[in-house]
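Please find the structures below.
The same subunit A turns up in both complexes below, where it pairs with subunit B and then with subunit C.
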Partner chain A sequence: MHEFLTAGIIGISLGAQYALLALGFTLIFGILGVINFAHGGFYALGGYVAYAAVSQFGLPFPLAVLAAVIVTAALGALYERFLIERLVDDHLATMMLTLGLYLVISTGLLAVFGPQSPEFSFPVKGTLRAGTLYLPLENLVVLAVCAAAIGGLWLLIYRTDFGRALRALADDRKVAMTQGMRPGLLFPLAFGLATGLAGLTGALVTPILALSPSAGDPVLVTSFLTVILGGLGSIAGAVVAAIIVGFVEAYASVYLGGSAGALILFVTVLVILLARPTGLFGREIRGA
Partner chain B sequence: MVRIAKRPLAACVVALGLAFTTGAGAQTSCEIKIGALGPMSGPAAQWGLAMLGAAELAAAEANARGGLQVGNQRCTVSVLSYDTRYTAEGAAAGVNNLASQGVRFIIGPVGSPEVTGAKPVVTRHRLLMFANSYAKNAIGPQWPLVFHLGPGPSEWAAPIVRIAQQQFGMRSVAVVAPNDQGGTDIATVNAEVYRRHGITATEEYYQRGTTNFAPIVTRLLASRPDAVDTASSPPGDAGLIVRQLRQAGFTGPIGRLGGPGTDEIIRVAGGIDVLRNFYWYEVVPTEDPRVRAISDEYRRLLNKEPPENTNMWLWVVGARMTLRAIERAGTATDTQRVAAALRELPVEDPNVGRGSWTGQSFFGINQELSLPFGMGMIVDGRNLGVRRIEVSPQ
Partner chain C sequence: MAPEPNLAARSPSRWGAQEWVAVAIFVAALAVPYATEDLLVHSIVNRVLIGAMAAFSVFIMLRMDLLSFATPAFMALGGYSAVLLAMNGVTEVLLIVPASFIVPALVALPLGALVLRLRGVYFVLVTFVLTEILQLIVFLTPGLTGGSDGLAGFPAPTLLGRDLSDAQSVLALAAAMALLAVVITAALTAHFRQHFAAIEENEVLAESLGLVVWRYKAMGFVVAAGIAGMAGFALGNMLLTVHPTSFGAQQAVDTIVYTIVGGRGSILGPVVGASLLVTAADFLGNQGQYAQGLFGLLLIFVTLVARGGITGAVVTLARRLRDARRTPDAPAAAASEAAARGGA
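Right after this comes the complex of A and B.
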């Protein structure tokens, strides 16, 4: 029984992390129509910015996380403004631009920090225990921050003028522009918001897992999987799908092993997509 | 008229020049390109960079002596590297890439998937490859140009398990490794060695690229093992497994009968106090001053810090022997003659010591270097160092 409960706790932790990653990924697709292949790169970059802020500049961890968010958001916004913006409707070009950015980020991290994992640990230590059940405090902190970030993003998108403007651009860009929405200003902000979320996740999660220049590789796969399952562009879908992915991964790995766990995850997604080809919350045609 | 008069003069100058440069006993210069094939990025990067460092050091040593004497040529040695990302397809592509640049000799790769991917391609190009992996079919009679650097756990796991059993008294162990050939070929052998020593062993495999091992750790601990062996999991993965095992409340010893990477494991795990009780295989006796002198030589010749991973000290032996075999064979192009010369070379390295050629009984071909190795132990958070274990010549 304790394995069942432990797997549930692990599933929630995984789901929250995946949700934060998937939200940024789906936000960019939903608003700009761009599939951001550099998403994993921003995750790894966020981790390294936080690591450098702590180890080289002596910043406290919360400020290091903030620095990671600012750097990744700023880089994302600038990249969108000066490169992606020019070709935003050319799917092939934006795919190559984001893929290229990922290679630049991961190779740059490799050149600057080397290939070996540095010592970068979460400042909160200790584990909550109840019998055989356990929950590392660091996971609890990450869970709380993820929940707050998801809630904050929801409020931003659905309860502010900025969010309404973004949703208007996502629904019908031409009509939104006639109403005074400015894609040249809003698209970089949306892109920066999404990459900042990836940077936040990297800064929070890499100290409790491991940091390396290739840390973004599996992140891209997981984000893609989650967002496709939830429905490309759907914020609610990304959160629900992330929780499903987290639970399936945890329970399948605990009860069937690491190899079968990965297989079960992909089979589950495949079955859901057979029933709902647009994903759980996806629409037939993206608005923008 | 003037033009006609110049031609015989120019011809004479050219002829004289040729006579001086290609006459009997004269030496010409050449360049031998050595390929370094292995993971230079990702969780297994430590192993690939150690291999690359060894190839660079062996080349620098040869060049510092004025180059290799190959027949009547004096050849400088250069190293070209290729990042396989620890994959079979990366290794196969790497061999093609290196061959297209004129490489005839490859140091590496380091892992079983890579070796499996590289072997058919090096055979097609007739390249000589000095590989190191724990694959059960790392070498064989069908690949006569493939040599093997270090024996697998079938050769060295038994003494380590015996000493660990005496120290920690474990009666059961869970062996965890990636689910590809790089993991299964070593984990199955480790498990068998544990069983031969009366220790109950279970095997657990995970998908390479797993980032969070909490579910695997929960599954591992369900069988309540006394010890966990991380086998050939990359050092980054192993460090995270250790950290999550300790968070889950596991207090038993953790073993590593696989490729070394203790420093990175300690770093990722969160320190030696987290690791606490640990036993591991070292490819060479790492505390022998003569072995450590290899790193001093690296700093002196290459003017930079050597790679962190202790695998470099073993790779140096293979790289040096390959260059010696090229000199002895007197050719830098005929890999079959170099292979024949390599088989005849005595296994004796000025730093690592004396060993032997092995492999006939396990692989069916005597092309495996067996050298003294080490066993390290951390007990109650205190590093007891690495003890030397000799191999018996065959």
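Right after this comes the complex of A and C.
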């Protein structure tokens, strides 16, 4: 029972991280129709920016996280504005552009910071005792920040004009444009918002997990899994699917062993993709 | 239902200059192991041949506008099948080379029935997932595949009883397999040029005009899988081991980069791409870890500036030069240039 609860805490903490990553990924697909292969790269970049801010410039951790968000959001918005924007409706071209960016980011991180994982640890240590349960504080902090970010994003998308404009563009770009939405402004902002979320997750999570130039590889795979499960482009689906993936991963690693759990997850996702490409909760948002 | 339009009859499976040049290159590659004993040259040429074979697999799928990340999965199927045969006493290359083609092709047949219904980004995602799944299966079956240790120390392949373990024979075998791969790829893509073009251009329209689209897609997928399988065996034979890390997403990305940078519009594209990029990665020497960054920059550059890749740029340039010579007056040259751009 004890083991079960501990795995549950880890599961929900993982799920919250995955949700932040998947939300960014699904936003970019839903609004622009672009598969962002560089998503994991922005995660790793966020981690390294936060690390550099703490170790080189002596910034306190929360400011370092903020710096990571700003850098990754700005890079994402600029890349969209000046490169992706030109070919935004050519799905092969945008995949090549984001794949190329991923290779450049991870090689750049390797060149600047070297292949070794730097010493970068979470500033909050210790455990919270609740009855017989010991909860690591760092996981709780991550969970709280992720939950706040998800809530903030929800408000942004569903309660502001900016969010309404983005959803309008995702629904039907032509109609939205005749209504005065400007993709030239909104697409870079949406892309930057999504990459900023990846940077935020990287800055928060890499001190607990691990930081390395290739830290983005598994992130990309997990984002793929989560958005397929939740339905490409679906915001609520991404959150629910991320929590499912987090729980499956946590429980499978306790009861089945990592590879077997991953295999079950992958095969499930494969079946869903074949039987119901719109995902468990998705609707047809965008013909691919 | 209307009878299927006979596209092959309208354009008989005639090979163009590019197909013949590609085959000539691989015939010439057969001579390399006997022309030089330089082991560095052997190593580079061997990796170019394997890279080009894998890139042919991506090239075939791109003819139908499908971007596949599943090449490493089929490479693994071919590589592991061949090595398992060798470990069980079958070392004859006349048996194991066909096996390295047939096993992945047989797996691709039912798999294709499932995944070829998907298009665009959904096909990309499913092939990405397939490669991950195959790696996990290898990790989970240490009894059969050696799991995370891979399989090493298998007996060298033989040709009619002659041992092929020396460096020359390893390269010659890779060159022979690559020649087979280029002939198959050229035959397939030239014979079904119109069919694939119709599917690439507008699949729904092609289908409504009576083209049995799934038949050609399945054929392309199966052959692409088989060619990838041969590349997998050549890789295992060069490295003397088959290992799950040889067949991951990174290899899928490399193979796609070879094809796109070389040019997806011509069978010479994968050859040019693999030759240049494998050599370039080698010249970086002990800075080899930066090759990925170079690949990324090239990918971005080609996508933005030269959509046809290197071979496409050369063809466009040659056409412009020819047109400029033929019609010296500027307006006509500009018009033909615009036509060429519109046709690209």
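Keep in mind that, in the parts below, the second predicted complex is superposed on the first by the 271 of 288 C-alpha atoms of A that agree within 3 Å, B and C clash if a C-alpha of one lies under 4 Å from a C-alpha of the other, contacts with A are read in each partner's own complex, and residues count from 1 in each chain.
Keep this in mind: a contact is a pair of C-beta atoms (placed from the backbone, for glycine too) under 8 Å apart; a residue touches a chain by one contact, two chains touch by 3 or more.
Values in this document were obtained by computation on a predicted structure and should not be read as measured data.
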item: Fit or clash between subunit C and subunit B when superposed on subunit A; value: clash
item: Contacts of A:F162 with subunit B and subunit C, given as first, second, both or neither; value: neither
item: Contacts of A:E3 with subunit B and subunit C, given as first, second, both or neither; value: first
item: Partner chain in contact with A:D217 - subunit B first, subunit C second, else both or neither; value: both
item: Which superposed partner A:S259 touches (first subunit B, second subunit C, both, neither); value: both
item: Contacts of A:W154 with subunit B and subunit C, given as first, second, both or neither; value: neither
item: Partner chain in contact with A:Y102 - subunit B first, subunit C second, else both or neither; value: second
item: First, second, both or neither for A:P136, with subunit B first and subunit C second; value: first
item: Contacts of A:V267 with subunit B and subunit C, given as first, second, both or neither; value: second
item: Touching partner for A:F113 - first (subunit B), second (subunit C), both, neither; value: neither
item: Common interface residues of subunit A - those touching subunit B in one complex and subunit C in the other; value: 106, 110, 115, 217, 221, 259, 262
item: Touching residues on subunit A, where the partner in the complex is subunit B; value: 3, 6-7, 10, 13-14, 106, 110, 115-119, 121, 127, 129, 132, 134, 136, 209-210, 212-215, 217-219, 221, 249-255, 257-259, 261-262
item: Residue numbers on subunit B that touch subunit A, as the complex places them; value: 40-43, 45-46, 49, 179, 204-207, 209-212, 214-216, 218-219, 222, 235-237, 239-240, 247-249, 264, 267-268, 270, 308
item: Residues of subunit A that touch subunit C when the two form their complex; value: 29, 35, 83, 86-87, 91-93, 95-97, 99-104, 106-108, 110-111, 115, 217, 221, 224-225, 228, 232, 259-260, 262-263, 266-267, 269-270, 273-274, 277, 288
item: Complex interface listing, subunit C residues touching subunit A; value: 65, 67, 114-115, 117-122, 124-126, 128-130, 132-133, 136-137, 139-140, 249, 253, 256, 260, 289-290, 292-300, 302-304, 307
